[in-house]
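When the chains are written out, they are named A, B, C and D in that same order, and each has its own residue count from 1.
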């Protein structure tokens, strides 16, 4: 099949379960909330080398936040529930509590699973309980004012590693195709792209053929400059650059929506020549997203 | 003394040694370089809870980079040289190698101390050596193109925790004062402010009086809402909000320059009423920055 | 009455009819569309001295645009329908046609009034008709690619000059209150704030008492620094700075929504002390927005 | 000749004299100054259809501004000195005076030619003279605070229309090449690129062959989609998209510097295939910039 004239590979993305919490950060202005969300989402591209996979999810207007101020929600994802708890504590404590005028609310209030995040002890006894909208919160006196925080954050078993490859006739076509895809996915609530600017330049394979101490290494089958030098190149004729989009989301439907929106957007960019996706033959991940089912 | 009519406290900031490396990230466009630098600098406000203290340092124009493309330099700071090495590897590997069109150069080529960062093994044998400008680099074939990286990064023993307090007659005056300070410090090469937007809303004390399991807790002496409730409040009359600026820099002179630039900028904002700084009585940190010496 | 503890003056904003067209700008990426919208909306704060009042209205996702690409809509406003036509032609021709990868669609397709914008003549005979989604368009060959444009743009008689005053205990409180208001209004579809950052620092009165050649001059009754120096000061006790928000919208209901959202947002900012609005005694403008009716 | 493997056409850019003033806008924060500069620079791509050609020039740090606050300078350009005066008055009056916390200083204090900009009459008699640094200024009481403005602005006879063409193997390569060029030129003090994002997608010829009422029309010789359909196509083999960069600067040397920096930057982008420039055979513009002389 094809979309806007771009062939879509008859393959699937293979994806994995991951624990996800959502933090809703409000602040005096949109800009202050966004700054905190970006800091708290940083250094969090892949759990291979980072302590979490994170990203800014969506803007939440004042009418929909507990404290009537504008906010941004972010996702924090980790395969281990225990590590997710650690990351919630550290990322809220180091990056949101420290940011001017912010509050941190549970962004998944309906989730059955709850993770305790007892950061109110930072108040050293001066903290006190306060109802904010319909939420039971703690108010912590700070130098800059008071920080409002909930004590528990919902967690769900979501999906990590939804993905597709944007292949272009040259690097800039593939790059702008990937940017357009990342733009589109930013509009899908509950899904994030955790890599820089939402794009992976260095799609990898598990392990390494040559260096046994490496957990991951370049995926030579998809490196255009190695076409003709490796036996199993997967680079179609006319393709000279590939960027990967990797998506984490709160459930499979959300990841599918994000993949569909991203692929359609990439296909609108002149010079994008082919869309494919990454899998491990279906042996590893319980989630399989057939590209043809996304349209 | 005072500056622009704002009294400057007769005190000093106490600061500590820290190991610092500088990574120069270049890319096809300024925006792509900046996006990578922000991701690589994220979740890095304080080594109390983060794996490093990081920040974007300065823009570096194409004429001054090894590959003739625009770039941003960032600092990565950790008290332990061993952990600094880990952080260099992880932050370059997860956040710069993965970002579109980037290259990562040693931003302290003159430093005697060198940290090996052997990320070229990601190339799984397809990597090759390449001279870029005057630098010996590795080129790693990637899906998106080729990643250029040096093998060693300079490190220096710098200074962490240079600081001052911006005290305002209300929260917004103190906040904009702190923003102006952060703006000014962004122009000082070799110095960063690692907190969100360069500002600390939650200045802390070591440990906790009430909760023995806490490494740090709110600094009640500087919480305006606790004035009258704590015995040792340090909040001057007329002050109702305090934001702290914390600076890491490659040497003491740079930190002093950054403190001076930041304080002068804060004092230009109407409603900023007092400038002070944090110390531990001089018993802990070998560096002492007297505020009066900054002018 | 009051909101979040901030008194709301028992007064009204007086507003005027204005002709409004809406242009939907799509592009390869959100950033490219936004850049064009900002350029086309520039130098357009007030028809007193500018050729139009303009502003970016809302983001329009790819699913809702005729060409399936992301876009931003902008409003172009002028009391004269003839001048609105001129401005449509000039602002699309100089600022959107010239911008990379853009298309310009009629953002008010349901409006009965249509304004002809025959920019396809720029094609010098090489232009050709093309259906894009459900729209009849022209495609104009350009150096950079092809520009897609409709021939007619809807126009409605909307409302200009919806307004309110954000009064703060000092300049920074009033400023951040106004920023929060502008943020909130940016989420109201069909309403814009045309001044820089959505804020007016220099609210004016018609004419001048001293300089007869001036069409407008400072509104001394609302200048905090002139309190005590002018007889009719309207500055309440405890107020030391006032910023005005001025709103244009496609109809009265939209302007009322925007005023309400903006006032509520401003009242969330600590240090905002009073909300009022500007009118001319009801003698000039046919639209009157009572502040108390907005809640 | 070639640069980074990209052939540079053996031709020249033809350019014209233009009157230029420079306004230095300072504000409480960098962001507030930039917002005002962008609004004041808007709707100002080409004097063919706009009232001026404008652009943000450079950031000016607090140490170098008269009032010790951070600022951005912008250029305002018009072939007519009389119209430049009008534009200075309107753009400062409508877009800078109205912006929060700003001041407007003469950015060309050394220029012999001075343009009177008597906006202090806006003060309606409440304005007063004030020395700011070494400048004689007026302070105008406003609602939001006080506006500081000089009475005269320097003007120089600069150069408009310095230009080059970035030709790419596809649209995205040419686009990112042009973005990189625009980035590079933003670092050249005294030079601006007035089009959206610094890029012209719709390079034009004077007049129209088919529609006599048009002042300008598409330059079919440089439209890739018309190659093979027009007799005099100037599109080299392998080129499928062309973006133009147009530069105004305070003198010929500055424009040459900007052209050189921009071309070098464009040539770093993969897929950029050819650089040329536009001229009218040398009959119209007194300035000729040979591309080969820029290296």
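In the analysis below, contacts are C-beta pairs under 8 Å (C-beta built on N, C-alpha and C of every residue); 3 or more make two chains touch, one makes a residue touch a chain.
Worth saying up front: this structure is predicted, and the values here are computed from it rather than measured.
Of the two chain pairs shown, B-C and B-D, the one joined by more C-beta contacts is B-D.
Annotation: the A-B interface is duplicated by C-D among the options A-D, C-D or A-C, judged by over half of the residue-numbered contact pairs being identical.
Between the Cα centres of chain B and chain D there is a gap of 34 Å.
Chain C and chain D have Cα centroids separated by 25 Å. With centres defined as mean CA coordinates, chain C is found 39 Å away from chain B. Listed for chain B are residues 28, 145, 171-172, 175-176, 269-270, each touching two or more other chains.
Contact residues of chain A toward chain C in the complex are 4, 28-31, 61-62, 67-70, 145, 176, 179-180, 183-184, 187, 261, 264-265, 268-270. Chain A contributes residues 28, 32, 35-36, 38-46, 48-51, 54, 90-91, 93-102, 121-126, 140-147, 165, 171-172, 174-175, 178, 195-197, 199-204, 208-211, 213-214, 216-220, 222-226, 229-230, 241-244 to its touches with chain B in the complex. Put simply, chain D touches chain A in their complex at residues 168-173, 175-177, 269-271.
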